[in-house]
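Just below sit the structures, each encoded as structure tokens.
In what comes next, chain A is part of two complexes: it sits with chain B in the first one and with chain C in the second one.
Right after this comes the complex of A and B.
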């Protein structure tokens, strides 16, 4: 059970890099830093909102209802956010297109939401914050690499020096995967070195000053 | 047991509560965002028009291609996406999209006309083609033009995309003039005949509809201008005076037809001497392909083949039609010359059986410009075998596809369509 939970936490804290979980937004947003920022923020807000709701509902839900409740909450939160996103950021919505809707079945979001049922509200929110920020960082890193080297631009501003050296594959889904794989390798290598015997989850927790989580993991 | 039932009921109630709460929230959020989203969508739709006419205060939608039934405008060509009335000047702004460019991907454009039907501004909104026709400068050459588009030309070297742009603008004008929104512009007779030529004699124009001819010398004095196809599919002559100019076309078989500036056939009312002169001039400038065709068809059907030349009155790419008798069987052979890469001739030959099914197909050369296509490989044998058994009714066009060689694919497609038309023509005229 502990091992199972540890795996789930690994997935929830660094899902796109370790379990390649919820990487769908990576395909839709890495060709433009602005899109990545938009998608990353959207995921962060969705994670926080759904974790908060599930954290609040944890006393009303028995174990067998966690999965359907998490699905309903994810779908509801994403639908609300999608409408707001469409209204307030039409340009970004146009770029991200179907990837915004697809968030409602994103396993990263679902895993974090389902997890929140087993924790206190504060802990659920802090974990969602960590997961969301890491995901945002991953998206931004990937998009900087993809846009700068694949499109010779940064946030839509052309970089003349790189114009003749574009690696066009980077702005395609395949390029996003390659960049994701590269980032995963770097991150895992760093994490492995930094944690040695402790889990990646603990390392992230300590990196973000989440002492409580570390203590729990050690115990 | 009771505790379990309680948990079940609580869980179900919670799920129902989640659904109910989110339904309410979504209802409220939707009520708030729907007008904003609609406003945004309209703004996005009109954005190119405000770039086109920055001083315009508003546009009223007259035609939307997604709901043509809601518009009072009729016969709007498929290239026209939206037509808006401009609030200030009684003019119209049009947004169009054409896939007739070089790559076949949509080229989006928009232009605005004033109440007199004169173009106020034109612009390219999306240009996916690799060959640049001058997306910023070329549309500006349309400013001041009326529906005749008399003083706009095609960009040399980018004929497919620039002529696609021109045709799209012409489509836009057609929608406006057909619905009485603006008056039709005056076309001088030479321009009118120039536009009639590729319509009545498609074999003289490339797949973009651009006539590809070179000037020839006429031995008489009956013509204002005389020209022949650059790939020897026939000749054309402008004759007459003032507004009574007319066009004489001569195909590769010596068939002569005449047309007025509206494209109506007037062969019977044109002086017989002019028709004879045109025929003689065309014959003098034409190349004789009989020997070459004979050799090529012998290769396809066998050395014992007997060949009889036939005549056609089609004006497409077919330049040779023959009855072939080999081993007691009768076939029909057709040679087609179509415009391929760089508007060079793609010469293809087809042997059809008496039912009109292709028995064999061959080509002088499919991949032209070997330097350009230096790494290109095509399994010509299997490509040619793919045509066997195809009839006019089973031909889809996909059989001609050569990946990465769009011009050649289109040229072969045109050729196959033309040879089936030629076969039909022979049947109707008793040649078969």
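Right after this comes the complex of A and C.
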């Protein structure tokens, strides 16, 4: 049986793990730096709030119900944040569109929330902060590359020098994936371990699959 | 609602769900579980078909819930929680049924795969675009088949990539993302 590793340990070994888990909001908002900043902050706040709530609720939740409870906590937190985001930043909300609602079932948010059941509230919060900041950094760097070279602008301000050299594929999903591939390669090069050694499904199986088995064997 | 679809447009809905409107590669929804899938996973067909069934059941169900319950009662702000809870219920039901039919459990990863952004995004877009029931079902079929296609393509790619030399920094996720970028650009041609 593999020992449970927290998401933070996994992210410390290789930050590109965060890239896999948060791929949907990440590449949904790379075409505009402002949208990326908005999405990054939204994910950071959602991570902190859902980890805090799950950390406080962990004594009321038995191990079999961690997965559904984590999904529902994430959906609740995202609903509240979506309403606030809609009211305070209507322009950004229009750009991000369905990607804000889709955060409810995001794997990064879910993984951090479910993982906070295994640790103390302070650790869960610091984990959410680390994971959220890594996500924000990766998202901002990807969106700067995509917007500057793909759209010849930065945060909506046009860069005249690059106007004739636009690589328009960078603002398409394919270009976002391409930028992500090179960013992940940079993260892989500086990390201790390649991502292939521990994939997401192995981590879920070792964290939650065994948790269910443990519960069965205890009972 | 009066159905004004021709057979051709209905077939196009399914095909575009698989190719040009592929959720995992063109909208990048639900791509995380595809990239994170372990190479040790052996019941890929069961997982993929399970996700397709979850999409086929949940898309019309969520459309009905939104249309006949949330919208008339002015409770649209509860949409995210309600949709997540219903998709979870459908996923548990499908996992249980598949476990009973196949005589082996689907494993904990099925839930992660089934409750993904593609299922959720499909329901939200179908509901907000006001698609009819037939169009919702066919879009769900197309998107589900597209998801199954993506799962198989990436399982195959992972094995193929293993046969070739890949620079150290590109091993694992980066080379998969590169492959996804190329497939995504190729699918743009179908638009």
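Please note the rule applied: the second predicted complex is superposed on the first by the 175 of 219 C-alpha atoms of A that agree within 3 Å, B and C clash if a C-alpha of one lies under 4 Å from a C-alpha of the other, contacts with A are read in each partner's own complex, and residues count from 1 in each chain.
In this section, contacts are C-beta pairs under 8 Å (C-beta built on N, C-alpha and C of every residue); 3 or more make two chains touch, one makes a residue touch a chain.
Note that this is a predicted model, so its numbers are computed, not measured.
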| item | value |
| --- | --- |
| Per-residue contact with chain A, leading partner among chain C and chain B | C |
| Touched partner set for A:60, first chain B, second chain C, both or neither | first |
| Touching partner for A:162 - first (chain B), second (chain C), both, neither | neither |
| Chain B versus chain C as contact partner of A:68, first or second or both or neither | both |
| Contacts of A:83 with chain B and chain C, given as first, second, both or neither | both |
| Touched partner set for A:189, first chain B, second chain C, both or neither | second |
| Chain B and chain C footprints on chain A, overlapping residues | 68, 72, 75-76, 79, 83 |
| Interface residues, chain B side, partner chain A - complex | 7-8, 10-15, 17-19, 21-22, 25-26, 29-30, 32-33, 36-37, 40-41, 43-44 |
| Chain B partner contacts - residues on chain A that touch it in the complex | 57, 60-62, 64-65, 68-69, 72-73, 75-76, 79-80, 83-84, 86-88, 90, 94 |
| Interface residues, chain A side, partner chain C - complex | 16, 19-24, 27-28, 67-68, 71-72, 74-76, 78-79, 82-83, 98, 101-102, 104-108, 110, 169, 172-178, 180-182, 184-186, 188-189, 194-197, 199-202, 204-205, 208-209, 212 |
| Chain C - residues contacting chain A, complex | 25-33, 35-41, 77-81, 83-85, 87-88, 92, 107-109, 111-112, 115-117, 119-121, 124-125, 128, 168-175, 177-178, 180-182, 184-185, 188 |
